[in-house]
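Residue numbering begins at 1 within each chain, and the chains themselves are lettered A, B, C and D in the order written.
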Amino acid sequence: MIRVAIIGASGYTGLDSIEIILRHPQARLTYLTALEEECGHAEMVFPRLKGRCDMEIEPLNFEKLAELADVALCCLPHKVSMSFVPRLLNTGVKVIDFSADYRLKDVVVYEKFYQEHTDPDNLAHAAYGLPELFRETIQGARLVANPGCFPTGAILAIAPLLKHGLIETSGIIVNALTGVSGGGKNPSHVFHYPNMNENALPYKVGSHRHMPEIEQIASEVAGKPVNLLFQPHVGPFDRGILSSIYCNPVEKVTQKELNELYRSFYEGQPFVQVLDTPPAVKNVARTNFCHVFPTIAKGKVVCFSTLDNLVKGASGQAIQNMNIVFGLDETMGLL
Amino acid sequence: MIRVAIIGASGYTGLDSIEIILRHPQARLTYLTALEEECGHAEMVFPRLKGRCDMEIEPLNFEKLAELADVALCCLPHKVSMSFVPRLLNTGVKVIDFSADYRLKDVVVYEKFYQEHTDPDNLAHAAYGLPELFRETIQGARLVANPGCFPTGAILAIAPLLKHGLIETSGIIVNALTGVSGGGKNPSHVFHYPNMNENALPYKVGSHRHMPEIEQIASEVAGKPVNLLFQPHVGPFDRGILSSIYCNPVEKVTQKELNELYRSFYEGQPFVQVLDTPPAVKNVARTNFCHVFPTIAKGKVVCFSTLDNLVKGASGQAIQNMNIVFGLDETMGLL
Amino acid sequence: MIRVAIIGASGYTGLDSIEIILRHPQARLTYLTALEEECGHAEMVFPRLKGRCDMEIEPLNFEKLAELADVALCCLPHKVSMSFVPRLLNTGVKVIDFSADYRLKDVVVYEKFYQEHTDPDNLAHAAYGLPELFRETIQGARLVANPGCFPTGAILAIAPLLKHGLIETSGIIVNALTGVSGGGKNPSHVFHYPNMNENALPYKVGSHRHMPEIEQIASEVAGKPVNLLFQPHVGPFDRGILSSIYCNPVEKVTQKELNELYRSFYEGQPFVQVLDTPPAVKNVARTNFCHVFPTIAKGKVVCFSTLDNLVKGASGQAIQNMNIVFGLDETMGLL
Amino acid sequence: MIRVAIIGASGYTGLDSIEIILRHPQARLTYLTALEEECGHAEMVFPRLKGRCDMEIEPLNFEKLAELADVALCCLPHKVSMSFVPRLLNTGVKVIDFSADYRLKDVVVYEKFYQEHTDPDNLAHAAYGLPELFRETIQGARLVANPGCFPTGAILAIAPLLKHGLIETSGIIVNALTGVSGGGKNPSHVFHYPNMNENALPYKVGSHRHMPEIEQIASEVAGKPVNLLFQPHVGPFDRGILSSIYCNPVEKVTQKELNELYRSFYEGQPFVQVLDTPPAVKNVARTNFCHVFPTIAKGKVVCFSTLDNLVKGASGQAIQNMNIVFGLDETMGLL
């Protein structure tokens, strides 16, 4: 039985992680922590846990962590995370980190989009936690950088094309639409219900921090630099990301070839499903699945993908990674 | 042409008032004010006014108000409002006040549910702005207390019964469901989109400030004290209030009698429509109409009503009152 | 390992039942059936099952059922259900029936609200599947009548009061608000997205078929006839029922007494949680929990409850019943 | 006073047209028609018209039309429309046609995406009703082909670039997200509330009928053939279209140049507003405005636009066209 701590348990990814672990047959929650002002009984912090989770969420104590847990799911935001992760690792636990702090291998890129990086040592050995592409690296990792929600959807949608050199590596457009939970739990004007309901809008034009993350992994898959434009939008729903990706084929490709390529590429990957028709956000909501649909339109290769930003885009993928790190069946607790 | 000032123009009722006046053939906006930190060009404060309202929202100056306006729609919250209204009236403008400060005739009741009342003099002569019941008083008023959104829906639903003594004056249950805009524009955890979406909940059990307001007006209509329980709930939509009111008939009454009573009572009232089937919030959204449907079920008289909390429940009714005060056709700008 | 068949698997309760059984550690799906025109691979009928349920949904064959299953979750609509249940039972499987056909013990009442009853024999021995009140009866049952969604929420909210004779047994008002999934999967004008979104409305005034069901069970709990008015409303969300119930206390009762009564009454009931504050639909969505909050307002006892109409109000409760019938831990697969 | 008939008044664009004309100071409704099975008093067909529109919706009679109206807003679907328009024109009324039947000048293209064209004569002289580009043609027209909702948003977003040759005329990606009302009033599985709520999906990949319409007008503006990929998506909201358009600049262009170009291009166009920040659907909902925001990201020119599909994308633009045809101020009834 894996003993799981959740660091930063008071947000949306903390709640989803708790709910998944509660159903996991080989893992149990042993320690929940949060900032002091967000602590309290789990049932008070999250009324939907009433009768399901008789635990306190308490301020983090590293000794207690060392004693109680085998793995820490670290749900802290970027910058905060890298100030905790070295000490988490020092306690001997494995760490699955939800933040961006250990995803970008190039510190210069990280510092351009985020801030100074204070833990380059751990960055060097962190595994990028996208199991469909990097399962082997994850298996032996002490620290897994859980991917961003947008990068997961974007990369899974086009990885087969990049791997086989079927599309040009520049000029790719990633147009994504996310539900509002992606913005976190803190109230704001833009996400105040009467403002966000019946609304839809683009944001962070040309500057979203997930763009270099997508480019880094896409480049790794392609074996050469990939340059793309990632444009996020937010719409009036809780969960889900719909990515619509427009690519220029290197040479003519048929629908049949795409189907075969994708089915072959994702064979044996339990959480990626290749569809024959366009995907829909609701079909993956509250699951760890990513649905992908590659097709051809007006001479472009167009790839769609959907996933739940809090599950395959965060907590579910983290637990998929945890399963891999601990040698369990990858799907345990996630079907 | 009536010259209209809007005091406290930066909230949801301010915006709805602006949009209605922009289409009003006999009124025009001449002055928009707000707290200093919420000022700016109207098109910046409300992007949906782009190209429609080339005016500044500026801090209130009473001399400027005196010079520019015939009437002030005062969209300030309670307590704040009564600190401004005496000075607004002193400039010579008529005032339609959106707050609760001039609605409760009994200062003791007001002070129990709100706070100390600092302007009892104006309270004494303020007209309660529910035109369907108090049109004559409104006509000559310098100060109109625009009714609360819940009271408007509740009272219009049962006034005919109370007036004709057909229901018991105690034991009435007013169960109401409002959209989220009723909570105003300030972000909060409960109204953060991912919390309020797909949610519905009761609030202020037994203690909502609109309860004494409903009781006061209901008592006035009935000619004797009315005692009722008002219970609000909030649901995941922008606009509208659905009231479901359960009453005990004094003696047996038929559906036919109810129909005739209501149609006769509301004859000639342009904004109250008596239906033969249950009403729906969406059919009155963004209109100044109130739909009412009285019926009988299991020995109770059950009355339903719907209205838009920001229109008939606030800005639209204010402008209906303005039309009456200035001797215009009551429906002007509101159909 | 319990072998589970789902009869009528192609609707919303079928899907929820499938998803729960997929995670159940002691049960597995062995047979899925539907009307011929709704058959097909489970992943085609429900794209959200892709990669999770490699089974065909096929027309019902009773011999196959006998061979493959220990229990049938019968998700058919009323009237249809009672034409199948006798034959289902004849195969030797246990049956958890989702329809209303075996809930109303009085055939006369059934025939008034539904139609002629064609299976009075099985009606006579069917257990009413509300475990919190009738666990013992359920344990030995061959046929369990799974309760209606509204009755579950209403009865759990007031059972302690009725049992202890604290409220009058007439004059009870049950005002309920349900999400749209309660209306089933068939498209209609009223539930067409642009009509139902941003809407809320009452329906079936004084005539909903769940009213006699609530009265029957409430009377059984109270030990004398209970007469109440049940009024349903529908609002713009997928899942959940919020019930607001207004009762007249027989004599004065305090909040403290209510708290103690409810906590004592529901002690050891895993799925009923007594709250100290008003409940919210979202806190029980996709769980098998019912949150109840009893309080006092203006001399009335007011009880609120929330549950998910498709889980505790249908599929979850059915599986809770299945667990009981087969002697498993009642919460298995449901936390 | 322009006498307005609405042909096919029973759908969403019919309702919006009615509501706009009801507030129009120089136009009044004189004749409402629909298919026989959708006829009835306007207040019955549309409960939100109660007390606002005391008219019958009746089967179309051409003689009655000739007698009663100066203009017909023809809200019929494509194919049906071209079987009525010749006879409408024969009565002497002006026609604003909402369908696609008179938009595509090339009959071959029309017949590829729709069906055989049965009225090429009127097609030849119909004006394309996008006033910002074709005001002069519209002024003298007897028949105006009101543009599609997607084409209006897409073309207004990029017309300045095409006109000035700043972007390449191939490789343009138009990624659009529409609210559900764009799908019309007829219930379907995909738009059944519990299916569409909390959902988002692409549809008609590479084959939407608005694609050739966008290409035709874009080519006319550019003065040479434009080839683009238009991909629609639908999201869980009633109204609005958000278009995100990705273009390759012919040579480097700056944000400042874009701002100046767009402001100059749309100067004096009341309904197109050029923004400095990304637009939002809610800011144009229920208005006749189109908000556009051109910018630069990763070497692409990215243009966003928002409009209300039922107003600027249908009924509002039709009435804007009507105003132009009859020599009224273009904004009358629309601010």
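Worth pointing out:
Simple rule for what comes next: a residue touches a chain if its C-beta (ideal position, glycine included) is under 8 Å from a C-beta of that chain, and two chains touch if they have at least 3 such contacts.
The structure displayed is predicted, hence computed values, not measured ones.
The chains touching chain A as well as chain D are B, C. Of all chains, A has its CA centroid at the greatest distance from the CA centroid of chain B. Mean C-alpha positions place chain C and chain D at a centre distance of 47 Å. The mean-CA centres of chain B and chain C are about 39 angstrom from one another, to the nearest whole unit. Each chain gets one centre point, the mean of its Cα atoms, and the points for chain A and chain C are 36 Å apart. Chain B has residues 179, 195, 197-198, 236-238, 279-280, 282, 285 in contact with two or more other chains. In the complex of the two chains, the chain C residues touching chain D come out as 12, 179-181, 183, 185-189, 191-198, 236-238. Across the complex, chain A meets chain C through its residues 22-23, 25, 47-48, 50-52, 198, 270-271, 273, 275, 279-280, 282-287, 289, 291, 335.
On the chain A side of its complex with chain D, the touching residues are 171, 173, 175, 177, 179, 195, 197-203, 205-207, 211, 227-229, 231, 233, 235-240, 242, 244, 246, 248, 278-282, 285, 295-300, 302, 304, 306.
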